[in-house]
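Chain IDs A, B, C and D follow the sequence of writing; residue 1 opens each chain.
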Amino acid sequence: MNALISGHDLCLFRGDKCLFDSLEFALNPGQLLIVEGSNGSGKTSLLRGIAGLLEFEQGEIHWEGNPLRGHYQAFRADLTWFAHKVGFKDDLNLLENLRFEQSLHSFDEGSVTAVLARLGLDLLTELPLRSLSAGQQRRVALARMLLSKGRVWMMDEPFTNLDSAGRSLVDAVLSEHLANGGSAIVATHQPLEIVGDVKRVSLS
Amino acid sequence: MMEVLSMGGYGSFVWSAYGLTIIVLAVCIIGGRMGHTKTINDVRRRIRTMEVKS
Amino acid sequence: MTDTAPPVPSLWSGFIGIVRRDILLAWKRPGDVLNPLFFFAMVSTLFPLALGPSSEQLGSIGPGVIWVAALLAALLSLNSLFVSDFEDGSLDQLLLSPQPLTVLALGKAIGHWIVSGLPLVVISPLIAISFHMPDQSIKVMAVTLFFGTLSLSLFGSIGAALTVGLHRGTALLSLLILPLAMPVLIFGARTVSLSTSDDAVSAGIYFLAAYCMLALTLAPFATAAALRISNE
Amino acid sequence: MWKFFHKLASPPHFYQFAGKVVPWFAFTAIACIGYGGYAGLFVAPADYQQGDAFRIIYVHVPAAYLSMMGYSIMAISAGIGLIWRIKLSHAVTAAAAPLGAWFTFLALATGSIWGKPMWGTWWEWGDPRLTSELLLLFLYIGYMALRASIDDIAKADKASAVLALVGAVNVPIIHYSVEWWSSLHQGPTLVREGGPGMVSDMLYPLLAMILGFTFLFGALLLGRVRTEVLFRERRAKWVREMLLDDGGTT
């Protein structure tokens, strides 16, 4: 059974500097791939390349065995993206943002209240996101991960702006996702206490 | 000879049009050549500095 | 966690979702809607002040002035079309959603048109009256502005998508879009001025409608491609 | 046949091939323009209506023709670059833009110089050709402005290619709407410009000038594309070998 996502002979330049060359990786269902490296080593660019936001100089990404170029839709239906920017509108409140999110990805509406309660956001649903703290905004982005049915999570530096409670929340949520058979690619330079099948790729 | 140059009274227009054409073509030709030699020298200098560094 | 991809919401829900979100955003931040309208009204009143109150002169320059003011007002609100999405990361979410980006780009352009183009069409009769324009040309003005502002929003969204990542994109946007807006301006303003001397106006209106259809079909593809390129 | 184009798409082959072709284009251009210029100025009979002022068409028509051809080359190479992701064709688009803009400016200037004796004004709004030529110049300027404002070459290529294609769709529309616009008010009767109706002595120099300008444009374009390719491939091995060993400025 071939890997869920695999990268073959990936190469990327930033200006004249070669970030990585002939990079290979494979991710199976239920697995976590950690992308390590110092700041500016191209972790974010690698994730954005895998997701299809930028083009590699060379190399290909395969989704369920066949090349990704051409049929992105199936891949993106399964993908949930968590990045440095929250990805929600500051002027809208939490429920309005989530309703818009439903027009893009399929949600299981039933669990919205439960997820918000778990993330400690259930009292803040009427406030525009602008008035939430940075940590709370990260939890709002986590709400998108929990509510989406996508099997693949891609997270870029999930721990920034999070206190220790937030950090353990991310670890717990990620472990549950892996336990349910989901898979994830996480770019971080901080240690992750994750139980489960973990692979690592380091960009020197 | 003079009446040929006067172009039936429109000499100033005809010659200014042709003069302008020659100027624009010269700018394109010389600009192209200079640009090419400048690029060659820049790239060669860049290669030399890379050689020295590595 | 099933092992097949989750179902993708319908195209229509994606399109309506983004249009509703943009209208909601405009509702929550009325400045973005009203400023171009005030700009449109003010620019139109500059000309009578500058050229004197003689009514037949105003009547003849009225269509041109109103159309140029509408064009500039639409351009004013265009450059912020994708900038807020780019800055808060929702552009990444749009690009990574299973919904085809062309439909979302069309939604953004239509959303922008509803928020900026339609209000222009609604208040243009008021301005036209102040220019002593005859009744039938007020109606023709509204019709031409209706098609014209829609084409502007669509072609303008291509320019907005091309300049979204550039930090000084505002002047550049109008530089890119004005040549494309010229046919709309030509047919719009001339058709209205034809209607003041009650000549046949249907030719101009048909052209504007045809140009609008061209924009509706082609512009979203170019906007989607431009978004993917500038968001790299 | 297909193999030829495939080989041409690789930068080193293109660089050598273009290097060999440019002198031939330049030579043909000089010959045609030499004949056309001389014949146009001194051999062709004066026009019964405009007298000798009509000789300006021998520079105006080729320039106007090239301004349109330049933009079509840009649109085609932009399309090829976007669809088949061939980097070289983006280099062609980048090189063609300034040239096309210069020829459009030339067409505008010679057109207005030619208009002065006939219509008495340097700029005649009634002539739709001049106005659409001006709008074409704005399209070129918009293209170059967008390309200049994006630093990363690959991104600038793709973004400006989209703009070139969108502009190309609009060129006929702009041309048509300017024609319609100028036909509304009765502009001065326009002089029939060239075409089979002309006496053959007038026509041959014009054809020679158009051919000469086209070859000149080809030579200039290939020259600028070589420069563009050299800059874009500066990291490549073939550039290092070529520039270090023979030291010649080929």
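Just so we're on the same page, a contact is a pair of C-beta atoms (placed from the backbone, for glycine too) under 8 Å apart; a residue touches a chain by one contact, two chains touch by 3 or more.
The structure presented is a predicted model; accordingly, all values stated were derived computationally and were not measured.
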Chain occupying the most central position, where position means C-alpha average: C
Relative to subunit A, chain with the most remote C-alpha centre: B
Length of the line joining the C-alpha centres of subunit B and subunit C, rounded to whole Å: 43
Distance between the centres, which are taken as Cα means, of subunit D and subunit C, whole angstrom: 33
Distance from the mean Cα position of subunit D to that of subunit B, given in whole angstrom: 15
Distance from the mean Cα position of subunit B to that of subunit A, given in whole angstrom: 54
Subunit C residues counted as touching two or more neighbouring chains: 232
Contacting residues of subunit B [partner subunit D, same complex]: 4, 7-11, 13-14, 16-18, 20-21, 24-25, 27-29, 32-33, 35-37, 39-40, 42-44, 46-47
Complex contacts: residues of subunit D adjacent to subunit C: 82, 135, 138-139, 141-142, 145-146, 149-150, 155, 158-159, 162-163, 165-167, 169-170, 173-174, 176-178, 180-181, 184
Subunit C residues within the subunit D interface of the complex: 155, 158, 162-163, 165-166, 168-169, 172, 175-176, 178-180, 182-183, 186-187, 190, 194, 207, 211, 214, 218, 222, 225-226, 229-230, 232
Residues on subunit D engaged by subunit B in the complex (per definition of touch): 37, 41-42, 46, 50-53, 55-56, 59-60, 63, 99, 102-103, 105-106, 109-110, 113-114, 116-117, 216, 220, 223-224, 226-227, 230-231, 234, 239-240, 243-244, 249
Complex contacts: residues of subunit C adjacent to subunit A: 1-3, 5-9, 13-14, 16-18, 20-21, 24-25, 28-29, 84, 87-90, 92-100, 231-232
